[in-house]
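What follows is a set of structures for review.
Look for chain A in each of the two complexes below; its partner is chain B in the first and chain C in the second.
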Partner chain A sequence: MRNRSLTSRILLNVLAWSIVFVIAFPLVWMILTSVKPQFELFRIPPTILPQEVTFEHYHRVLVETPFLKYFRNSVILAVGTTVLVIVIATLGAHSLVRFSYPGRERLAQLVLFTYLLPSVVLIIPLYLLMVWLGIANTLFSLMLAYTTFALPFALWLLRSFMQGIPQDLEAAALVDGASRMEAFVDVILPQAVPGIISTALFTFILAWNEYLYALVLVNTDEARPLTTGVMNMLITAFNIEWSLLMAASVMMSLPVIIVFALLQKHLTRGFGAGGVKG
Partner chain B sequence: MAEVTFDKVRKAFGSAVAVRELDLAIRSGEFVSLLGPSGCGKTTTLRMLAGLETPTSGAISIDGTVVNELAPAKRDIAMVFQSYALYPHMSVAQNIAYPLKKRGVSRADRDVRVAAVAATLQLGALLDRKPRQLSGGQQQRVALGRALVRDPRVFLLDEPLSNLDAKLRAHMRAELIELHRRIGKTMVYVTHDQLEAMTMSDRIAVMHDGVLQQFGTPKEVYETPANLFVASFIGSPGMNLVKGELRAAGSGLAFVRGDLSLPVANGGTAGAAVTLGVRPEDITLGAGPFACTIRVVEPTGHETIVMAEAAGETLVARAAPDSQLVPGQVVPFAVRAQRLHAFDADGRRLPLVFAQSNGA
Partner chain C sequence: MLLSSQYAALGVLLIAPTVLVFCAVIVYPLVSAIYLSLFSIYTPTLQGKWVGLDNYAKLLASGEFWGALRVTLVWTIGTLVLQLVFGIALALLLHQNLVFRSLARGLILFPYFVSTVVAVLVWRWLFNDLYGILNHVLLAAGLIDMPLDWLGQMPNAMVSLILVGAWKYFPFVVITVLARLQTIPDHLYEAAEMDGAGPVARFFDVTLPQLRDVLLVVILLRAIWDFKEFDLIWLMTGGGPVTSTQTLPLLVYRSAFGLNEMGGASAVAVLMMLVMLVFMALYIRAQRQE
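Let's turn to the complex of A and B:
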């Protein structure tokens, strides 16, 4: 018995670590490549650890390319989308949970239904809409586009979360002298914080990593985010600047990793709470 | 000081009617209990008074002003919820101070009043704790404190004691009676526990299926129940109900059920179906014109509850704790005629007067 459990534990560990290796390898390789000198990249046999560590590529990406401008665009875009989605989704979810009006459940289902549409289908109509509104080629147009497809999921996540908040809490606040909006801000929102954090993280990552819409809806450097910007400047038909691409990729991944690491605790709490009704 | 009036108030949720044409006039400073089984509409009535539900029709007024459309915040009421509804992210002090904060009371004033309330309710040492760090009884006191910290016109209490253990409940009941006597405010108290309603209230409104059954003092409700529902709901163990009819007997009428016969001194018509109500304490075992067979004997310490069979009915009687009754024994019994109740076929109280009978 004991032997068998030991072997199965070893097997399980081997399996788990090989999966970790498969997933982590590209990331590790990206970091290693970004600090190798150019000449070392194409050496045969390849070196695993860099023989000489250089930060020259980082310097070049930051100084010689519009990387920082793209970075700024991405930050504005991701933060803006997140704020917009959270404001609409918390109010919307609260309405779907607390207010009673005809067609409420149908509306909630309809919201989810829009989530089923492949995003490719919406690109052309959205682009034409943005042109018609006169906001094509701006960060704002991307923000609106991202909001349209982050909102359904955010609404549902927050809805199931808010269903767990006792109704009496809001009633107590109303009797205690709060207006509906004050009760929402004073009592409901603090209870919903874990749910809001997970929703915000989800939206932020989605907006930060989005590529397709950024490619189609925006074609000026002024409004280009990192995803399309980096591809645009470092990958051409003739050449791929591997070292710079890897350095840029590392710097692109950092904000998400940092945000994720900081909020991870809340994230698991938030997703967990969605499934359990209090 | 505030009077509360319900004028033909009706509340329907879709096709389900929770409260039907409720008329209720609560006097200023009165402690009124809304009593009934779950689903009888008592909580809905309270929530309408709080402004958390809007009546479908009818008018609710406080001090003569109709408040139907007034937001809860504007009604100057305080409410204690069954779940206590303490704000989990706020400390005890912040919870109690919240109603003051929402009414623009200055921080210094708030601190003074929170400290005063905390002292009354012995919460002083707990002010910095969060609600989840408190026991049920402590949470209950915080909820009460949050209601007391203001000087509202009306207090609403929605089954505030139902989550406490029996000992603490008895203690808090006494505290609430004392509190009401001290502050003299109008209080509306929702409960399904008749003991709470009987002990604490000036008047009790008994509700069933959204309909007010009777509104009267605990004594009235107990001694002259308006209908069968009130008769059977109030009292523990419940009133014995025996179905029979009125028949001519000698010069007058008598209530007859099997070989049981009780002469009626006044009122009633021959042939009418009547339900006779007898409280367990109004049956005297050991002597009397009737006979019953003892089935079950339950000593509780301060009294003994006896179940006995007579005329095919099971009767429940109270006996002295030292009574030497055994199951299977046949004993004579009497009923106190002046304390009997009679109800017609629709369950309404009949003004029958029974004569004390000395022979079967």
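Let's turn to the complex of A and C:
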């Protein structure tokens, strides 16, 4: 576009990459700490690269702590919440975009309002509700609680994706004699797949990272997800073993890293659609 | 034709599951929160008695509520300003022709997607007063003489929170601003350049006005989200030292599950929502105008 001298381009790259490095440093440090032997952490001055690489902390987290149980709970929770929310939200978003009935606009605004609602307002009544229903301390109660933020979010995101699908396609299918539901399954759904994937990934990450509901609604290892579980490991230990915690943090972030590395494009698209536009 | 009302019944059927879930887990709890705020409820036994507006009267007369509101505003404004400054600056940088640009974008995004629990653990290790790398680097560089207590004193604790909040959430600003930057037509810059505008003038005369709408939405959204932030602050400082970083969401949690006063906690939550309604209404209006 504009002519730039070579030196200014090199300077720009050096500057940009130094900033990127500073921002990524805490995560690099997490990985480096997790493979250092315990005694190396207390060196003064500290070593940057580990002098000796060890995976004993990973081994200890997996064998000596309930990490795997928490991990299993988190997987069930995040997958369950995502499936539940995506099914309901896909139907709901289609209805909000392609049908006309009284109260539709009002409903769309309610969705946006609930998308911004703080969890702390809902948490006390939800806690009482779960106790009353007798399902407190179960994964199911958490899944229900997670829909309070995941469903408005997914609906809003899917709604903006589905608004981008041209009306003509569905109209043509109807002229050819398809019913509304047939047109939805054969025409709209295939078009909506990229949007559904983005929404599902975001929902999964939201549920995977949730902390407050898990803190209040669950008080047993049987149903505790990774977020509160790993924090418990920090609080209950006599002296904080940082290398152990960093190993747990790395493993806890693995699903997010994998989702991220494979599907970065989908995530950035979701950002553009739901986060800002409407 | 598609929107004709002959299909209204099917449309209602498709939205029915959404409405059902909304009523059960959002509308009912929301109404219930307002109702509960009129009672005095002891958390372990859940026994309550009607007190009317007493909870609100007590709160508005107590220093604790106003203190928490002040802390919430300091945190929200502080971290939001940093997020915007860093976010816009980095978006401008990443918009340039960099080597491995998409890798740089991926790395920048990562703090936003990593769990708050992980982020807090890592930062508490970086902030560790004896073995934390941050104190070592600052000591070695001669910027400080003594290791800093990052989280145990004021104003350090608030500054640390604001910094970590900015680190965690600025990628949201980067991505949304970057997406908008890519749609600004080149000819606007070329025209400004022909008029003799330098890089700084081009930023203020071309880029910033084009970003105005996006920035408005970003500021409202981030203000709402930062205002209600619980995880990061609770896990970083727990509201301490004493209550100097206790924001409104933390006050709700501590009243309900620490002081066992569920009615009072609900009243704080309702008041907090009233403050947020202003921003929410602005955001919903901004969305409708698009």
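Convention: the second predicted complex is superposed on the first by the 235 of 278 C-alpha atoms of A that agree within 3 Å, B and C clash if a C-alpha of one lies under 4 Å from a C-alpha of the other, contacts with A are read in each partner's own complex, and residues count from 1 in each chain.
Definition applied: a contact is a pair of C-beta atoms (placed from the backbone, for glycine too) under 8 Å apart; a residue touches a chain by one contact, two chains touch by 3 or more.
Here the structure is a predicted model, which is why all the values come from computation and not from measurement.
By the touch criterion defined above, A:V63 lies against neither chain B nor chain C after alignment on the C-alpha atoms of chain A.
Contact with chain B, but none with chain C, is seen for A:V187 once the two complexes are overlaid on the shared chain. In the superposition on chain A, contact of A:A172 is made with chain B only, not with chain C.
More residues of chain A lie in touch with C than with the remaining chain of the pair chain B and chain C.
By the touch criterion defined above, A:P45 reaches chain C but does not reach chain B.
With the contact threshold set out at the top, residues 171, 174 of chain A are in contact with chain B in one structure and with chain C in the other. Across the interface of their complex, chain A is touched by residues 47, 50-52, 71-73, 77-79, 81-83, 85, 87-89, 98-99, 102-103, 146, 156 of chain B. Against chain C, the residues of chain A that register as touching in their complex are 1-2, 9, 12-13, 15-17, 19-20, 23-24, 26-27, 29-30, 33, 41-42, 44-46, 88-89, 91-92, 94-96, 98-101, 104, 107, 109-110, 112-114, 116-126, 128-129, 131, 144-145, 147-148, 151-152, 155, 167, 170-171, 174, 180-181, 205, 208-209, 211-212, 216, 226-227, 230-231, 234, 242, 245-246, 249, 252-253, 256, 260-261, 264, 267-268, 271-272, 275-278. Across the interface of their complex, chain A is touched by residues 1-5, 7-8, 10-12, 14-15, 17-19, 21-22, 24-26, 28-30, 32-33, 36, 46, 90, 93-94, 96-99, 102, 104-111, 113-119, 121-123, 125-126, 128, 131, 133, 136, 140, 167, 172, 175-176, 179, 186, 189, 193, 214, 217-218, 221, 224, 227-228, 230-231, 235, 248-249, 252-253, 256-257, 262, 265-266, 269-270, 272-273, 276, 280, 283-284, 287, 290 of chain C. Of all residues in chain A, only 166, 168-169, 171-179, 182, 186-187, 190-191 touch chain B in the complex they form.
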